[in-house]
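Residue numbering begins at 1 within each chain, and the chains themselves are lettered A, B, C, D, E and F in the order written.
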Amino acid sequence: MGALKLCFVVQRPPYKSENARLALTHSISSQTAEIHLDDGDTIVPTLIFVGDGVLNAVKNQQAMKHYGVTSTENHIKNGLLIDMPVWICKEDMQRLGLTEAQVITDAEEMGAELKMKFASFDEIQKEMEACPHLLFF
Amino acid sequence: MGVLTMGVFPSLVGSGTLDFSFKLAEAAMAKGHTVNLWLSGNAVMMAKKGQRAFKDYSHLEKKMMELIGKGMETTVCEACAEARGYHKEDTPPGMKRASMDWYLAKTFKSDRVLHIGGE
Amino acid sequence: MKLAVFLSDLRRTEDTYERLKAEKLGVILVENGIYHAVMKEGGKDSPVLNKAGASFYVLSEDLETRGFTSAQVNPKVKVVNYGDIVDLIMNDYEKTAWL
Amino acid sequence: MGVLTMGVFPSLVGSGTLDFSFKLAEAAMAKGHTVNLWLSGNAVMMAKKGQRAFKDYSHLEKKMMELIGKGMETTVCEACAEARGYHKEDTPPGMKRASMDWYLAKTFKSDRVLHIGGE
Amino acid sequence: MGALKLCFVVQRPPYKSENARLALTHSISSQTAEIHLDDGDTIVPTLIFVGDGVLNAVKNQQAMKHYGVTSTENHIKNGLLIDMPVWICKEDMQRLGLTEAQVITDAEEMGAELKMKFASFDEIQKEMEACPHLLFF
Amino acid sequence: MKLAVFLSDLRRTEDTYERLKAEKLGVILVENGIYHAVMKEGGKDSPVLNKAGASFYVLSEDLETRGFTSAQVNPKVKVVNYGDIVDLIMNDYEKTAWL
């Protein structure tokens, strides 16, 4: 019986490729990983947005309206809804001129209790040290 | 001897990343390690049989079949494949199809994970 | 020449843009190129907007897809839609360059 | 009214470039222009029938068929398609297959060319 | 009867993607474009390497040996062999520290008469002005 | 942590590399990352090689594919093959990061 921590780190903006989307779908799939594991074993993900990756967390994305696809906003909120920790680097937000008002802070409207964590890169570094495997997107 | 799980995501016809991962897998197996390979995103292109070999493109089907024959467990992301119109009957023999949780579960008993993301 | 340049990335991997010259130059920001119209990295305008003598355009659909609105667009940049881009290509410029 | 030839190269499932080119083609045709579309490199993914529509991916087959129906001449790079295992029988109805010289020849009588390259 | 000049401009290094390869195969296909054109009409390409694209012209590429694929070196020489003008930006070579000895200057061993042209960006700019359509790769 | 970082591009689009810390850091240059081992842009070493305390490796197959040889490699960087990279991953480092 054990828990394996995995860090999913998104470094690039949304929509250029599937990159961020795949980070989101893969991290969320940790919920069902136990069907392949021994009893009691679990995968415990942390989803982290750093660098230009913080642009994935901008609110009010109209991807469905204009292109008929789910937004990364929607995916992030789904992550919070299943109680997956979602972290965003606050230094990077500041560098890119993003305020807290512009980014996702919670998914209360969907009934999620967990909130986005605004983390320093130092905290993110410590989380990466605590994860045996790192998955950079 | 250890277990290495590789996840390959962005690779495509014409990019060197799939070539890299197959050569690395081969080298690891030659040293007695066990290798698991997860193909997701655009790397699911390996899940299409019948790719014609041109000298302009690296043609990896043969190498992949060889590595699968030697015991490399190779699984392709089912949804990513379906989105590209690659159905079960397109999948080369020996390659598995699964949902993403397969990859995460494989990392559990791996000594090392090399996750090749990017664009 | 009258040239319409398309930029579709935030982090560019070419430097052709900085060196290209045109009597009349239009810069059309699409896809992830839209970030150049709305972000002030380190408090400054994107260097893309420093190209002397150019006219700048940004695609509204791609702005909104990424969570931004016309109100946030740098005053140097005009917000356009797909139909406007057709007119820019077919009427206002003679050649295009997707960099 | 003019002729616009677009060459689309790097686009893929999950990238916005094919979406962009189809929307631009639609807007150009709505204004009475003629549009030719060349799909090469990874953009030949449009040459595969039976792509399953997921909300996570833009699904463009319907839009493309609509534009072809309205007269957009759409041709896919034959070698690029074969290299990916997309054969003649995979090609959606109305889409042509040709070698690269088709694209160059189309530019001859075009008022404008929008060549979407990159990676 | 007429000739249409097309500029094919390669801005990125080889092997990351098909990008440079597609520029080469498409420009070379100008040779057979006339089958789709009226009598006497021709497509006249210039293939230009700028920026990091100059790395495509480095000699002694061992792509076939290591990965079983044709090198961009080989493609460039094929271009010279069919008398297609191939230009390389000399300022970019200098910036990246490439000497003339390191890059393709000709394809004499294949019987090509045409040689690589080492051009300034000013000359390249003029060539782009002379082409009605520009194809950037 | 003991971390093996893979860089596969000449023009990078992330800045994670500059910020990541590790007690033991190996930087493995593969694919177009090999240019950092052989080019002196503007007469200078690639900034990638300035990472303090890191060990640098470059894949010989990818060097040669792009027309370079071991003789041209910066003395800071050790030339390795695929088998060596396996040993680096499995024996010398604990985690990997493909950036």
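Rule of thumb we're sticking to: a contact is a pair of C-beta atoms (placed from the backbone, for glycine too) under 8 Å apart; a residue touches a chain by one contact, two chains touch by 3 or more.
This one's a predicted model, so the numbers in the text were calculated from it and none came from an experiment.
Using CA-based centroids throughout, the chain positioned farthest away from chain A is E. Set against the C-alpha centre of chain C, every other chain centre is closer than that of B. Chain pairs B-E and B-F differ in how many C-beta pairs they share in contact, with the greater number at B-F.
Rounded to whole angstrom, the centroid-to-centroid distance between chain A and chain E, based on C-alpha atoms, equals 43 Å. If you average the Cα atoms of chain A and of chain D, the two centres end up 34 Å apart. Computed centre separation for the pair chain D/chain F is 38 angstrom, with centres defined by C-alpha atoms. We define each chain's centre as the mean of its Cα atoms; on that basis chain C and chain F are separated by 35 Å. In chain E, 12, 15-19, 25, 52, 67, 133-134, 136 are the positions where the chain touches two or more neighbouring chains simultaneously. Counting partner chains per residue, chain C shows two or more touched chains at residues 8-11, 13, 31, 61-62, 65, 94-96, 98-99. Shown for chain D are the residues that touch two or more other chains, namely 12-14, 16, 41-42, 56-57, 79, 112-113, 115, 117-119.
Every pair of chains that touch is listed here: A-B, A-C, A-D, A-F, B-D, B-E, B-F, C-D, C-E, C-F, D-E, E-F. Chain E meets chain C in the complex at residues 9, 11-12, 50-52, 121, 125, 128-129, 131-134, 136. Taken together, the chain B residues at the contact with chain F in this complex read 2, 4, 16-17, 20, 23-24, 26-28, 30-31, 33, 111-119. The part of chain D that touches chain E in the complex is made up of residues 7, 9-10, 40-42, 79, 99-108, 110, 112-113, 115, 117-119.
On the side of chain F, the complex with chain E involves touching residues 8-11, 31-32, 35, 39-43, 61-62, 64-69.
Within the complex formed with chain D, the chain E residues making contact are 4, 6, 12, 16-19, 22-23, 25-26, 29-37, 41, 43, 45, 133-137.
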